[in-house]
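Pasting in a structure now, in structure tokens, and then I'll have a few things to ask.
Letters A, B and C name the chains as they come in the text, with residue numbers starting at 1 for each one.
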Amino acid sequence: MVEAIDLHKDYKIGKVLFPALRGIDIKIENGEFTAIAGPSGSGKTTLLNIIGCLDVPTKGKILIDGTDISELGSKEKAELRKNQIGFVFQTFNLIPVLTAYENVELPLILLDMKTDKREAKIVALLEEVGLGEFINRRPNEMSGGQQQRVAIARALVKDPSMVLADEPTANLDSTTAKEILALMQELNAKHKTTFIFSTHDQLVMDYSRRTVNLRDGRIVEDKTKPRGQG
Amino acid sequence: MKITGKFLVCTLISTAILSAQTGMEILEKVDDNTVVTSSSYRARMTISLGGTIREKEFTGYAVGKEFAYMEFTYPARDKGTRFLKIGDEIWMYIPAVERATKIAGHMLRQSMMGSDFSYDDIVENRRLIELYDVELIGTEEIDGKECYVLQMMAKVTEVNYYSRKMWVDKNMYAAVKVELYAKSGKLLKEVSISDFKRISGYTFPTEIKMINKLRQNTYTELTLEDVELDIKIPDRIFTKAYLERK
Amino acid sequence: MKIVNIAWRNIFRHTRRTIITAAAISVGLSSMIFMNTMMNGADKMASRNIIDFETSHIEIFAEGYYREEGVFPLDTIIENPASITDKIRKIPGIKGITPRVKFQARISDGIDELPVLGMGVDIENDNGIFRIGESVVAGAFLQGEGDVLVGENLASDLGLDVGSYITIITKDRNGTYNAYDLTVSGIINTGHPLFDRNMAIIAITQAQDLLALGQGVTEICIRTNAENKLEPLKERISQEVGSDYEVLTWKEMNAAIFEISGFKRAGQFMIALVVVIIAAVGIVNTMLMAVMERIPEIGTLKAMGFSNKGIVKMFIYEGGMIGVFGSLLGCLFGLLISLYLVHVGLDFSSVFENMDIVYPMKFIIKGEIDYLNLLYVFLFGVFVSVLVTLWPVRRATRLEAVDALRHV
């Protein structure tokens, strides 16, 4: 479970203090499929980065499974990211010199998993995201949708407790975006992994069960669709 | 036969005359004549080398045979080059170097300022009578002057020239020509003195010509002017400090 | 898949850039190898000239004779060389013994007079120890007293031919001038400038006569069977002849020359080092570009949980690989140039013709490859490459993941 209590974040741009988050209180349960929505500059990416241990709040607490991560050192946060958190980016961010297989393999190398064990896992996962035939392709030999599937597989391969996706569909056409969202929904259901998105794409909100709307660093709406919907 | 006869007669006559005076006595007088207590002079050195002639000028001071000082005044490139002799040591000062260097060992054999004189020739400071056994071997006429001919052989080991032949003017008791020989008997140098001046009771050589016999077409002539003898010369001239002065 | 594989692939992202960077390193290293080969060759030739013409392996002098280079005193000589020779003749390892007399002299052809180093050699024995006899290019070796051998350059300076007359003049040990007329019996070309430009070689008996040395000689030269292990033999000879004599190896006598050579080496090494540094700047530049263009990638890896250590490792591997590649290339080039130097050589004679060179050799230098040096140069290249990569990589480690990710 992720819990934010009175979360503030200020950026200093030159001498001007720019408040990105102005007191966020939110709880996200394990296994949720949640979109954090809002226009650009609303603070959604900042919130996601703080949840993902990439950024630290100026004020307030952020608890992951009861641990206040704003108290952690950078090494401990790296450990946490390595073990618990998978990332999916707007620009896919695959390593261009590595094949689909190798990109997915990277997090497992960090976890020191044995080669034979990881091979089975990677192949299965790539099959699962529909890239069985593309495992030896490099990113520049794949379409955007395929690259994002690799990125999703990379985020999930280490069985994280949550996947943070920053505008995952922004660089995809709507058909592909739907496919990707459907895939993530399916994986969420199957692996019970928490998915948290930042987005301003209505499509993402359509697919997610809970949508938290941010504006100027504050939550303006938090609605959860009843079960069975979306 | 005729020549032999003439030679015999000559020898007989000269032996008769010379019986009054031995070679030793003649050389003694020559030594006395050249050993002045002090001297100062201006010298012009004319170096002839295979047809080209170079002139150099220097002034010199000497006290006995132990101390000598020379300073070149001409030409411009040699101006200020100085030599100091103390006993058998020679120091040389070149303005560009600004420090005196000692000329020692085999460097003494080298030619001084490109002339036919070697540094050795300048260092020699002992009376000849102390170095050589002398034998009067005859008389000869040189440039119209009647001369004794002395044959000198080294009697000590430390001499530059193993033997010398010297022609001594009968009237002046001064050497007018000297031949310098290597130990092997090879003629190395020839010195001739063509002019003398009577100064302060001495017969002082003022035109000296040195010929290096190992090279062809070279000689060096030394002409001395403004010679003053037995005068007072300040001691400080014969010091390294004076040599190295700015 | 390992980090090293990622690094390996990264260097092929910009193949041309990698090749240029590696080529710069290789130029630096191959010039270091080239210089080393040349200096080794020069030293080897100098050593051969010294041993074969000047000193042999070991020389015996009267104690106090050997004061400094270029001074040949006649007051401290070996008065009775025969007794010394008898004492050491039976020592195993000695191949030959010959006495020599060295002295300062001037020679004159009747027109010019030049300073030379005079040398009296034992006509019977000298050629068993030295190689002057083999170096006669016109006429013949000394036949007896009255003969003189002169070097090719000296002969051409004075216009001497076989049969020409010269006078040698010097002062004997008492300071008395002595001179002899000599006939040029032969002209030598040894490759040792001292011998070819500056030496008059006569019979030792004549030299003893000329210098009033009696039976005395200035040195006794010893050729051995073990050129590279002279110390034990030197010790043995030292014990045998006693403390009135000084025993020196050719290396000890020529320490100054090898010291000069050491300075030259250092100088040339510095030049090569500058080239390597320029190449290193190339690596820094390349790696800096690699870091800059991969900032989002570094951010991604950090987000994934990569530690700084892992990222540094990746770039170090990368710089190191370029270094290995460049160093291999450099060693290969260096080796090829070296092989050319060994088999063909470089002709400097026109450059140095009119210079007064004290280095005892002619200026067609043939190289001598030092394979161990090749290895050192290789390791040096890799080491420098890795070392200079650290600096640009520091920039990568300073980046926060969140900033790196925002960087597009």
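Quick notes on this structure:
Rule of thumb we're sticking to: contacts are C-beta pairs under 8 Å (C-beta built on N, C-alpha and C of every residue); 3 or more make two chains touch, one makes a residue touch a chain.
On a predicted model such as this, the values are computed, not experimentally measured, just so you know.
Chain contacts in this assembly form an open path, with each chain touching only its neighbours along a single line.
Comparing the CA-atom centres of all chains against that of subunit B, the greatest distance is found for A.
Distance from the subunit A centre to the subunit B centre is 112 Å, each centre being the mean of its Cα atoms. Taking each chain's centre as the average of its CA atoms, subunit B and subunit C sit 50 Å apart. Separating the centre of subunit A from that of subunit C, both taken as means of CA atoms, is a distance of 68 Å.
Along subunit C, no residue makes contact with two or more other chains. Those residues of subunit B that touch subunit C in the shared complex are 50, 105-106, 109-110, 154, 157-162, 180, 182-184, 186, 188, 212, 214-217. By the touch criterion stated above, subunit A contacts subunit C in their complex at residues 49, 52, 54-55, 75, 78-79, 81-83, 87, 89, 91, 93, 95-98, 102, 105-107, 109-110, 154.
Residues 1-3, 6, 9-10, 12-13, 296-297, 299-307, 310, 400-402, 405, 408 of subunit C are the ones touching subunit A in the complex. Across the complex, subunit B is touched by residues 71, 104, 106, 108, 110-113, 115, 167, 169-172, 174-181, 210, 212 of subunit C.
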